[in-house]
Structures are given as C-alpha cells and as structure tokens.
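Report on one structure; see the data block that follows.
First chain written, first letter: the chains are A, B, C and D, and each begins at residue 1.
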Amino acid sequence: MMKLNADLGESFGHWQATSDQDIMAYIDQANVACGYHAGDPKVLQRTVALVKRHNVSLGAHPSYPDLQGFGRRSMRIPADELIPMIHAQMAIVEGMAKCQNVALEYVKPHGALYNDMMQHAQVFEDVVSAMAEYHQRYPLMIQALANNDFHRQIASHHNIDLIFEAFADRRYTATGYLESRQNPDAVLSSIEALAQARLLIERGEVITDQGKRISIVADSLCVHGDSPDALKMVSQIREILQQQGV
Amino acid sequence: MMKLNADLGESFGHWQATSDQDIMAYIDQANVACGYHAGDPKVLQRTVALVKRHNVSLGAHPSYPDLQGFGRRSMRIPADELIPMIHAQMAIVEGMAKCQNVALEYVKPHGALYNDMMQHAQVFEDVVSAMAEYHQRYPLMIQALANNDFHRQIASHHNIDLIFEAFADRRYTATGYLESRQNPDAVLSSIEALAQARLLIERGEVITDQGKRISIVADSLCVHGDSPDALKMVSQIREILQQQGV
Amino acid sequence: MMKLNADLGESFGHWQATSDQDIMAYIDQANVACGYHAGDPKVLQRTVALVKRHNVSLGAHPSYPDLQGFGRRSMRIPADELIPMIHAQMAIVEGMAKCQNVALEYVKPHGALYNDMMQHAQVFEDVVSAMAEYHQRYPLMIQALANNDFHRQIASHHNIDLIFEAFADRRYTATGYLESRQNPDAVLSSIEALAQARLLIERGEVITDQGKRISIVADSLCVHGDSPDALKMVSQIREILQQQGV
Amino acid sequence: MMKLNADLGESFGHWQATSDQDIMAYIDQANVACGYHAGDPKVLQRTVALVKRHNVSLGAHPSYPDLQGFGRRSMRIPADELIPMIHAQMAIVEGMAKCQNVALEYVKPHGALYNDMMQHAQVFEDVVSAMAEYHQRYPLMIQALANNDFHRQIASHHNIDLIFEAFADRRYTATGYLESRQNPDAVLSSIEALAQARLLIERGEVITDQGKRISIVADSLCVHGDSPDALKMVSQIREILQQQGV
C-alpha cells in the first residue's frame, strides 16, 4: 500500500515549527532534519521521541549546509566533501535515534540537494555513493518520474534500494518532473490535489500540465502539515488509502 | 602502562592543522574534534583514516558549540540542551568511524566544557548523564586530581567508567588542579616537563607549585604535537614509557 | 514622556516572526537583531524598512554569538573579543540602515549579554568600552534599577549617555532587579502588568515582590508584541501614555 | 601606475593565517575578508590596523556565506538575498574601519562569488545592483578580460566605477579568462609568472595558452603572500613597478 511521508523536525533553537505533532497521526514515514537546513540536537531528540510514540518509520533528511537558506539554495559541492557531509547527517540521526531504541530506516535528501540529485546525474551518483559507502545500507527515497531507468541503474550498481515518492499537490510535466513553483499554477488547489492523490494511489498515474495521463509509480506520497488546510488534505488522503486497503 | 593521548582533527575547511600525522606514531589515544569547536565531516573522515592506519584508540572530543572561540569560552547551557549536544557529537564520530570499521572507544570533553566539568559539580553530572543516556556506554576521560572521590561517586552511580589523565607540561597546585595559564610559570620548560612526565609515569606523583609532592594517579598523559619541540617531547616521553615497559 | 521599546527583526531565514508589523504602530524604539542571536541581512533590510515607515527610533540589539541559543546562554568572552563583536553588530545595522536613509540612534544589548552586563561590573565596563571605542557615540540602553550609580559613573567616565528602561510585565525585587523567570510569579498577569506600567509612568515607582514601593526612574518601557494578548497590553499602555501626554 | 592587490584578513578564530604582515609592505590594495568565508570581528579589527599602519587602500572582500567551504563553492542565491548579504559585508568592514579612522575604498567579491560574477551576467548585475543600492558608491574590482564591454555597460548604467585586475601567476585563455585550476599547467612557474607580470605592466598584454598575445588592460595585479616563494615574487613584481615608475 502507498505510504505517506512528511518533512519533520524543522525547528531550530528558538524558532519552533508547531505542526510536527499534528501530522504524526496520518503519516508512515518521517523525514527528519539533520541540523544542516534545520533541526538542532534538542529538536532532533524530541522529534525522534515523537516518531517513536507514533510508531512511524524514521528517515534522515540530509541537506546542503545552509541554515539561513533552509537548504533551498543549490550549492556546487565536490563529492569528496558532499559524501562525508551526508554521512555526518546520517550518523547524527542514526546515533541519536538509537538512544531511544529507534532505528533509522531510510534517507531522503532535502530541498536543493534533492532537486540537484533529480536534475544532475553527477549529484545523483554522489548521493548514491554516499549511501553505498556508509557503514549500513539504507534505502534512498527519490522522486518517481515517468522514467527512472537511469536512477535504477546507478542505484542497482551500488546495491542501494530506492523508494519512489510522488506529490499530491504539485502539477506534473510530461517527464514526471514538477512544474516550477515560479509558474502560477504549479501548486494544485485542494480539490485538484485530492483528485491527483486518488489517481496516484488507485492507478499509479497523474494528469500532466498538457492534459496527458502518464504513469507515475510511487511507493509513498509526500504530504505537508504546516497549515490546517494541509492537515485536512492529509486526513482525506489517509481516508482514500484506508478505503483502498479494505 | 600509562597511555598517551592527544587532541586531533582540529582543522576546519580551508584551515588545516598539519601536525596530526606527525604525532600519530607516538600516541595511544586520539581525541577527535566533532565539529563544534573544530573538525568538519571531511576532516573527521580523514582523521578516522589516520587513527585506523596507526591503530590508535578513537575518542570523541565534544565541545560547546563555538567554532569561532575554538570551544574555549565557557557557556552556561542547561542539561536539556547540553545532553543532546553531546549525544550529537558522539553520534557523528561513532557513525563516521564505523564507515571505516573503526569503533569509538571513549569520550573526552574539550576546552571550556572540560574545565567547567572539572570545576562545577552540576556540569560534571550533566556530562555523566549524557554518557549514561547514550545508546552505548563509553568511558569518560577526566582530569586526575589529588582527590577524585566526587567524580568516582557520580560516575559509579551512573555506571560510567572513568579514564584519568594527567598533564606533563603544566604546573600543578596542591589540589591537583593546574595553575592558571595566566600565571607566567603555568607552563613547564621542556626539562621540567620531562621530569614531571617521568615522575607521573614512575611514581604517580607530581611536585606542586608549592614544592610539595602529591599523588596524581593517571591512566593517560595528555600530550601535544603542534610544534617540533612538542613532538620531540612526546618522543622522549614515549621512550620513558618503553624503558619502563621492559 | 516615557517611551516604549520592543525587540524586532528576530526572524532568521525560513523562520519568520510575524508580529513585527503589528507592534510598530505602538512603539517609539525598535531594538533590531544584528545577526548574532537572530536576524539575517534580508530580515535586517526589511526591518529597517518597517522602522522607517513607522518613523520609529532605530536601536542595534547586539548579542553573544549564539543563534541556536537565541543569545540567551551566558558566554564568558574576553574584552578583546567582545568589543569587536559589538562593533561588528553595530556596524551592520548602522550601514544597512544608512542604505535606507535611516540613522542608528542607540544600542541595547540582548538576552544573556544584557543580563551579564547588569550583573557583572566587568561585562558592563566592556560594553561601555565598546560604545566608547566605536566611531560614533551612541547612547546605551540599560535596566533602570533602584540604584544605577555604578552604571552612571562608568558611562560618564567613558562619555556615554545612558537610556534607562523598565519592564511592565515582570515582578521586581527590592534592588530593582527582576525576579528570576524560574519563579512561578515572575511574570505579572495582564491586570498587574497594566497597573505596574501605570505606576512606572505616572510615579516612577514599582511595588516589589515584598510589597514595598521603590523608585524606578525609566526613560522607556520594554514591551512585547508576540501574542494578541501582548499586543493588547501594549495598546493599553500606549493609551495611558496618551492620556498623560494631554 | 599598476597597483598590487592581495586577499587579507583570512584568519578565523583559532585558525590564524600568518602571512598578512609580510605582504603588507609590497601591496597597494588589501581585499579584507568580511566574515562570510573568513575573518571574525577580532581578525577584522586587527587587519584594519595593519592596513592603516601600512597606509594601504582598504577593500571589502564579500563572499557567499560558506565558512567551511572558504567561499569557494558556487551557491545559487536570488538577488533579494544576495544584495543584502553584500551590503551586510560592506557595512561591517566600513563601520569597523571607521573606528580606526580608515575609509573603505572599493569592493572585490571573493572566490565563487567572483567567478560567478565573471561567468554569469545575472550575478554580475546583482553585484552591481548591490553596489548601486548601498548608501555610498564604491568602485567594484573585477577581472580584466580581452573584452569587458558588457561589464562596462552594466556598471555605467548603475553609475558604478570599475577597477580591473589581472593575474601574474595564472595562465590565460584567448578570451582573457583563466585556465581552470584543474588543468596541470593552469598555474605558472615563478619565471613564467614574472615574465607575465612584466608583460602586463609594460604592455598591457598576456600570452595565452595558445601562444597568442592578447590585450589585458588592468589597473591592479592580484598577488599572494602565503609562502616564502609567493612573497619573493611579489617583491620582484614591486621592483619591476619601481623601475617603471622612474
């Protein structure tokens, strides 16, 4: 069955995101900030406790080192720097989770690192290398495209499992990439998003910006809990999943 | 037999300390910076490789979060922030070392955190609590004083082993604390330091600033490799240990 | 007439404090974060624009360098490091404000630096020295105590003007210091706070935790706008001031 | 007459670059780090003192915010964030220099920001806009190419003066850009560099990697003082300039 994943633990020091608790009841997988775009050790400790209480799967959410930019600015970082950076972020989540008897289960890059990984073959290879050179093999969550052959090939070569995710509330282009947020219609309305979630869940398909139906086969849907509207949508998507599960 | 320990991995990005390689041949225990006072992920990776090649025992060297101050400025940090900070630093060293099949073996706080731990009972208790609440029990390296009853009691209560270290090149006071660096005679000359190292190794004693002989029973001597003179002294202390070992 | 001052510009990157705009209509002096506890260059630019639009007096709000701790952790920083740190923070506010034709008018230390300055003579002297060694003399805002003779003497010696501030919503002790926030009754109820503001404004007095009336002569009242209740109180204090001004 | 410029103040906290003092006697213009890639307030204060003592022209050397990467990693930063970042760095140097009665005289971007500015029209426009929106107009130092028409046009449109610099020790391509450091012959030998310096100074020309002579008209030569060899070359270039001055 399709899983739901969300980004969590994105507070920092004095600045507290308050929505973590609310979305926990609806999701299966928590992508937890590792301190590079958000998340300090205390926040991380608290987020792991939340993950544990709700029995959600724990993912590390590594980023470029850019607290001020929230990891959303692309940085060109050579592999010999990027790989240890990713290791460091995996290690901090892994070790602190273990203190609460919680196991790290997967890794999903954040923000600009995620985008660069999906756009640039070299960055994807660097990220997969980081996964392969870590002391334990964790699955890597990436974006489900119309065609992920390249990603499957690289990951398979390094013996890394992939988890594919799709987006309920973002408009797709013909290749399965998302329309840029700079376009006014990049983000779907609630009604459209719910319809897209249903189509993804029931058929493994989306309707693109050109009105074509393409296949997007995903293991997980990325959802948000940062507003009452967002939360309501997550609960509605959860209902679709439960009906389907019957 | 008495061990020798040194602080390593204290480069950061562009700024490279070059002495790490040289001292490796002489020491038994490497206290490796965790990123809070020095050490970025690439430096950490390289330092672990050095530790492995020389078959030295790996220690985490956690600090207050103060890169600009090199961890030497005292900060008042409540336990609920300090404990996860120490966990995060242990986790990063532990996880990145594991990627090279190297195991973390002990923890030695750095700089102002070390001093505060030795001066303030509450900070010592917080540090020991951090060790006890971590997912694995590692020994804690602290300063050998004339009387460590308080430290033994707290550590024993939390079931944490202690490693006691002494200093070859610093002048001791009657309590076994070091004379403040602000005093002109706080740092010993090479000849004095070598004599003090010999006395510590052979008798477990030092001669204080008042000329009294007190007992300082240490498991390890802290040494430095940041100058040719410092390195020469370490090699001489190593010779004393080897003669004694015969 | 008594002024009202508030801390502003305390967003950072992704984490946005939303209350800055609301309180602007009520205050006379804005203490603007300089990047050490909060405030990045973009936030600072926007805050200066807000200060200009509302024709409020601009103050720099320098802090210890501690973004994660929001400047609330005491740090022991020697004068030769603290003074350039304060200069750097004044310079950034001064220069960026000048880009919008806004002049810096005063300096109020933030958080732990403020507390340390009020508690430790040496820190106060270091802060006043920083003011005196800056290229332009700005007034320094400090806490109005029952007796500020020491502060007046130091400031006068360095030829620095002082602005004295009082707190509407905090309980005072006999010396004019505030009761620690760790005490359950340290923060006044809205009704108490309004009464205290009135007493401060009309008589220059407060009633201490022991029920005694002491003299607290202040130039400015520190207020907060981070909740609807807080904002309502500020508007009520503003009304008291307006009635008095008639 | 051709000037000599060098990057200075690139220490940070514990990590001290020691060569600043040595090169001062030979240069005319000091590009001083502003804290984003190097340089803390104490370092900045000390560097300004050095600049003053040697009566050298003071430049701000702003960077992307990347201490760990020493400002050498390209970051994609939108104009509404980059412009205040540059302002903040200019303001800190300007204000702290003023404390020692030293005036800021020009701005030269650092590392990846410099490269991006020379490679991408949009980044160049953003940097020039930052200069134009600052409260005072400072000249901007950029690289002298075979053809700087684009740069002249943009700068002129914003009413910003340009200072053109050339490089003694780097191999040029036909367009006047430098050969990438990844090529083994990108950095010239001492003898080649000295010859190139002489050609730049006496004729405003360089010989490219293809052996062609092209015109590179520069106001200033960028030199380094981070090794005894580098320093020796600077002194030899200074001699050429002095002979020419006669």
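Heads up, the rule we're going with is that contacts are C-beta pairs under 8 Å (C-beta built on N, C-alpha and C of every residue); 3 or more make two chains touch, one makes a residue touch a chain.
Keep in mind the model is a prediction, meaning the values are calculated, not measured.
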Given over half shared residue numbers means same and under half means different, the chain A/chain B interface is same
Distance from chain D to chain A - Cα centre to Cα centre, in angstrom
41
Residues of chain D that touch two or more other chains sit at 40, 68-69, 81
Which of line, ring, star, complete or other matches the graph of chains that touch?
complete
In the complex with chain B, residue positions of chain C that touch it:
65-66, 68-69, 73-77, 81, 112
Please name which positions on chain C make contact with chain D in the complex.
35, 40-42, 44-45, 80-81, 84-85, 87-88, 90-96, 98-99, 101, 133-135
Okay, in this complex, where on chain B does chain D touch?
10, 12-15, 38, 40, 67-70, 72
